[in-house]
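Look for subunit A in each of the two complexes below; its partner is subunit B in the first and subunit C in the second.
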Partner chain A sequence: MLNMININKRFRTELVQTQALADFSLEVKEGEFVTVTGPSGCGKTTFLNIAGLLETFDSGQYLLDGQDVSHMNDYQRAKLRNQKIGFIFQSFNLMPDLNLFDNVDVPLRYRGMGAAERRERIERALESVGLLARKKHLPSQLSGGQQQRVAIARALVGEPRFLLADEPTGNLDSNTAAGVMELLQEINQQGTTIIMVTHDVGLASRSARNVHILDGRIQSDVINSDVINSESTAA
Partner chain B sequence: MFLYYVRLSMLSYKRNPVLSTLMVLAVAVGVGAYMVIFTLNYFMGGDPIPQKSGQLFHLQLDYGNPAIPDTSNQPQMAYVDTLALLDAPFAYAHSASSKFMAVLEPSNPDLSPFFVDGRGNTADFFTMFDVPFEFGGGWDRAADDTQQQVIVLSQDLNLRLFGGENSVGRDVELQGIHFTVVGVLDYWEPAPKFFDENNGAFNRAEEAYIPWSLIVGQQLRRSGNTNCWEPPKDSSFESFLNAECAWIQFWVELPTPDDQQIYADYLASYVAQERAAGRMQIPIEKRLFNVREWMAKREVQPDETRILSALAAMLLAVCLLNTVGLLLSKFLGKAAEIGVRQALGAHKGALFRQHVIEAGFLGAIGGVLGLGVASLGLEGVKILMGGERVNNEWMHLDLTVAAITIALAVISTIIAGLYPIWRACNVNPAIHLKAE
Partner chain C sequence: MTSSLELGPITRALMRNKLGVVLIALQIAFTMTVIVNAIDIIHDRTLKITSPTGMEEDDIFSIRSFGFDSSINAQVLIDEDLDMIRQLPGVVDASRVNAVPASGSGSSSGYAIEPGRRELTVPAAQYSVDEHALNTMGLTLVAGRDFTPEDVRRRTATETRSADQIIVSLALAEEMFPGEGLQAVGRTIYSAEDKPLRIIGIVERLQSPWPNATDWIVERSLMIPDVVIDNSSIYLVRTVPGQRDALMADVEERLAGAGYDRILMNNKSVAQMRTELYRMDTAMARVLYTVIGTLIFITALGIIGLAVFSINKRRKQIGTRRALGATRGGILRYLLVENLLISAAGVLFGAVLTIGFNIFLVRTFDIPRLDWYYAPLGMLVLLLLGQMAALGPAVNASRVAPAQAISPSH
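Up next is the complex of A and B:
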């Protein structure tokens, strides 16, 4: 599904060169829930940005759904991002002057979808996060947890194969964070592959696989058999 | 997507109302000022009679006194030559005319006598210049020959004297002479006033028209410019008429190039004959000028308007440079939103289109406000060019000028926005997504 082979990424300024990812290789299979952990500056977000086609890399190969994305142009990358990838951010990144309906509408607009189909999908997505009744509200009228739910609805509305989440619970209190985590697990159980960057060791332990990065390299890649077993039982 | 982008533009305006309004004002001032000058140029340089401006020719003869500097290049015609050319053996329509001023004594006792600005002209004047009539019409050549006391009134004068009703057949007393009204003009204010630009290219058309022969026959008080390069022998009217003084505007209608050649040859032979008699000693190369050629030769569009155009263009450029700065600030301030949109599937082309439409939207609002600025500017110019005799009704924003104003505002704002848009669309989304 996602296969990175020997990816290298350097950031250069006039004085300093930083190796963000070094010979980074990772394969994520369809339906997995992978948490990515590591200290600040280790390369977690760089990895997520490359995975989400928001950032290019210097060398290596990246196959997404079997497609080599290494040499794609901006238009092809945007199209792939729109159709296959959903993003969830730590600070939600909702557009403050668009109401919930219009926020969730954004990715569908770039897909050139008809108004009726868009409406149906948006309402379904908002309903799945329990916020359909507030579709005309502005983000500022919602709590942090509700805003993150809208962001999840926006990420899911295009029915992506991948969900990339960067510290999705970082700005939430522990109760709300638990609720968001449960929602993500439900989404994963419905078949969506999730890669989530987090600092929270507790949350990482609730995923079936945890990849720990240090200095741009994978330090450990642990399969959590307890979670897999409990998921199997639940299923 | 166009309407979606327009809606986003409106929301973006609301999000930064101060910055957006500053941009709109910069565009409005720049475009408005430019359009004031554009309007002046547009109408001053316009063709006042496009349907036949290539067929109507103003005559110029080889006048001047070689012994006195700056007496050549006379724009008007002397009386003796006017009579000769009116008698030329051609069937072409021709018009001799000159201005006069007279006291009109209204038959209505409620009205006091007043001066009217009039024109004595030959019969063909009305048909040659496509003068529109509301009632009646002009007179024929026989009326010229027999000095019939007939008069054509302007729409305004007819309104003043007869309340705007059909006054054909009514009596009007001018300078103690009784005239019968034969026609009333419809609104007619050609700009420039091509048939007599020498007496004010943007002056109002006259209020009353009588046969030109009456100006001489009744020795009416002439008005307008008179240029003499040899003084009359004495102070009598007869001496004035026979003197080397130009005061008459002479036009001829020559429909085809052949007609123009025939008439030019005739003029050349007439001038040669006069030169042999001791007149017309300063030769000129061209004697026939169509309307556009004559307006250009007489520089109806003064040099000052070109200087003003350059100044207005500079002001527009300064306003647009300000707009570039403001747009840069506005669009770079949207870097986070642009990053989110990229993450959600917008490619750079789509973002570029979105922001071009946003710049165009601001430009359109600026253009609408610019129309107001231009209207105010034109009112200011009217005041500067004030005076009852000046025809400044042409100084207005017609549909064409209004459309050009809006288009100029939209296009110039989009051009001003290209660099800010390019910068905004090339931000690294990853940086702004994390920073948010």
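Up next is the complex of A and C:
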């Protein structure tokens, strides 16, 4: 599904040069739910940006779904993001001036899908996060947890194979966060591969696989088979 | 490249930012109103400034001689002067006139088609001329005939006028005898003293001395072969092409050297007269051009400012759109369509304002009504101006990195 081999990424400013990722290699299989942890500044967001084709890298190789994306241009990467990747952000990133329906519509518009099919998909996606009844509402009329659900609906509406989340529960209280996590696990069980950056160590330890990054390198990569079992029984 | 124009979402998003949209749309509307009406006024002035007098303007100049030697017979002096001028190589013809078209000074009177009906008079400029005037001015005779030497009546200022034949401009003929046009030759009109004046010829065009006036005699003129002999003469001289300036100096020098006590003044070409006559109109056009330029500049700055502001405010949104699959072209198109919608609201309102303001101008200042294509053309120009102003900021916005979606700032 995702295969990174010896990825290097440096950031240069006038004052300093930061090696955000150093010989970073990781393979994620179809259907996995991987949490990514590590101290602030270790490179988690950089990894997610590269994985999500939001950022280029200096050297190494990245195969997404078997396809080498290392030398793709900006246009090709935009198209590939739109088709294969869903994003969930810490601060939701909903368009404040668009109602929920139009917000979820955004990625479908870039796909050039017909109005009827878009409508059907948007309503299904909003339904699946329990917010269809509020499709005419603005994001500002919703709670944080509800907004994140809308963002999840938006990430899922295009049926991506691959969901990337950067601290999706970072701005939510623990009850709401648990709800969002449940939703993500449900989505994962329906086959979507999820990579999620989190600060929540408890949450990470309960996940099926946890990758811990330190100074741009993977420090540990733990697969917890119990979780997989308990989750499948829970489902 | 199949992504849609997003008209619906863009419109709905704009509706939630009414203040900014309304301010820019209003600015566009006002700019359009002022520009379109200013161009209408400029167009009107330009037509006036460039309207021909009917003369061979490029080759004509005048000079005024004011003699104060009472021992000299004025008629002798005039004949000597004109003979001398006509014999100069390069001179086509010369004539003594009481006024020159477009010179700003002359005389006018009211004429009627029936005697004793003063309430029906038509004002017209009156040129008192000799038989050389038509040829000197280079007017185009379209009906009837020119004056002969026998037609010309010479008199002193105290004697009453006896000339009773006139040549009129076609505009005057049509004003007095609507629908007759060239057939008006042979008709009689009546002067302020109810003296009959028979039309013996019609010239295609002969402007009054005041063609810059808005609601006054512009094209209505007549010539009468009534020469008042006194010591003040305006000589009108036509030269062969290219010789005017040299002959202006030459004629002045020779008149001065002829040995009489006199003052020579107003040695001017028709071109100079025009420049002086239309100075206000030219200045007005220049002011309006400046107003137009300034307004376009300010409006463009306003649109650029709003675009830059609204883009900076939305860097994260734009990054998010990029993350969700928008290409650079998609972002560019989104922002240009957004600008187009705002501009469209502006020019629609602008069209209403433009026409309303024009109606006001027409009623208040006698400005001509807009031609039908002015408002649509103004709309198109302002839409394009909007797109051009928004292009720079929109291109910049399309370069916002997709990673801005996650960036902790903003």
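The rule we apply is simple: the second predicted complex is superposed on the first by the 231 of 235 C-alpha atoms of A that agree within 3 Å, B and C clash if a C-alpha of one lies under 4 Å from a C-alpha of the other, contacts with A are read in each partner's own complex, and residues count from 1 in each chain.
One rule holds in what follows: contacts are C-beta pairs under 8 Å (C-beta built on N, C-alpha and C of every residue); 3 or more make two chains touch, one makes a residue touch a chain.
This is a predicted model, so every value here is computed, not measured.
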Superposed on subunit A, are subunit B and subunit C clashing or fitting side by side?
-> clash
Name the contact category of A:Val106: first (subunit B only), second (subunit C only), both, or neither.
-> both
Could you look at A:Asp74 and tell me whether it touches subunit B, subunit C, both or neither (first, second, both, neither)?
-> both
Touched partner set for A:Leu172, first subunit B, second subunit C, both or neither | neither
Touched partner set for A:Glu55, first subunit B, second subunit C, both or neither | both
Overlap of subunit C and subunit B interfaces on subunit A (superposed complexes) | 45, 49, 52, 54-55, 74-75, 78-79, 81-83, 87, 89-90, 93, 95, 97-98, 106-107, 109-111, 154, 158, 166
In the complex, the residues of subunit B that touch subunit A are 1, 4, 11-12, 14-15, 336-337, 339-350, 428-430, 433-434, 436
Subunit C touches which residues of subunit A in the complex?
-> 45, 48-49, 52-55, 74-75, 78-79, 81-83, 87, 89-90, 93, 95, 97-99, 102, 105-107, 109-112, 138, 154, 158, 166
What does subunit A use to touch subunit B in their complex?
-> 45-46, 49, 52, 54-55, 74-75, 77-79, 81-83, 87, 89-91, 93, 95-98, 106-107, 109-111, 154, 158, 166
In the complex, subunit C residues that touch subunit A | 1-4, 6, 8-9, 12-14, 16-17, 316-317, 320-330, 401-403, 405-406
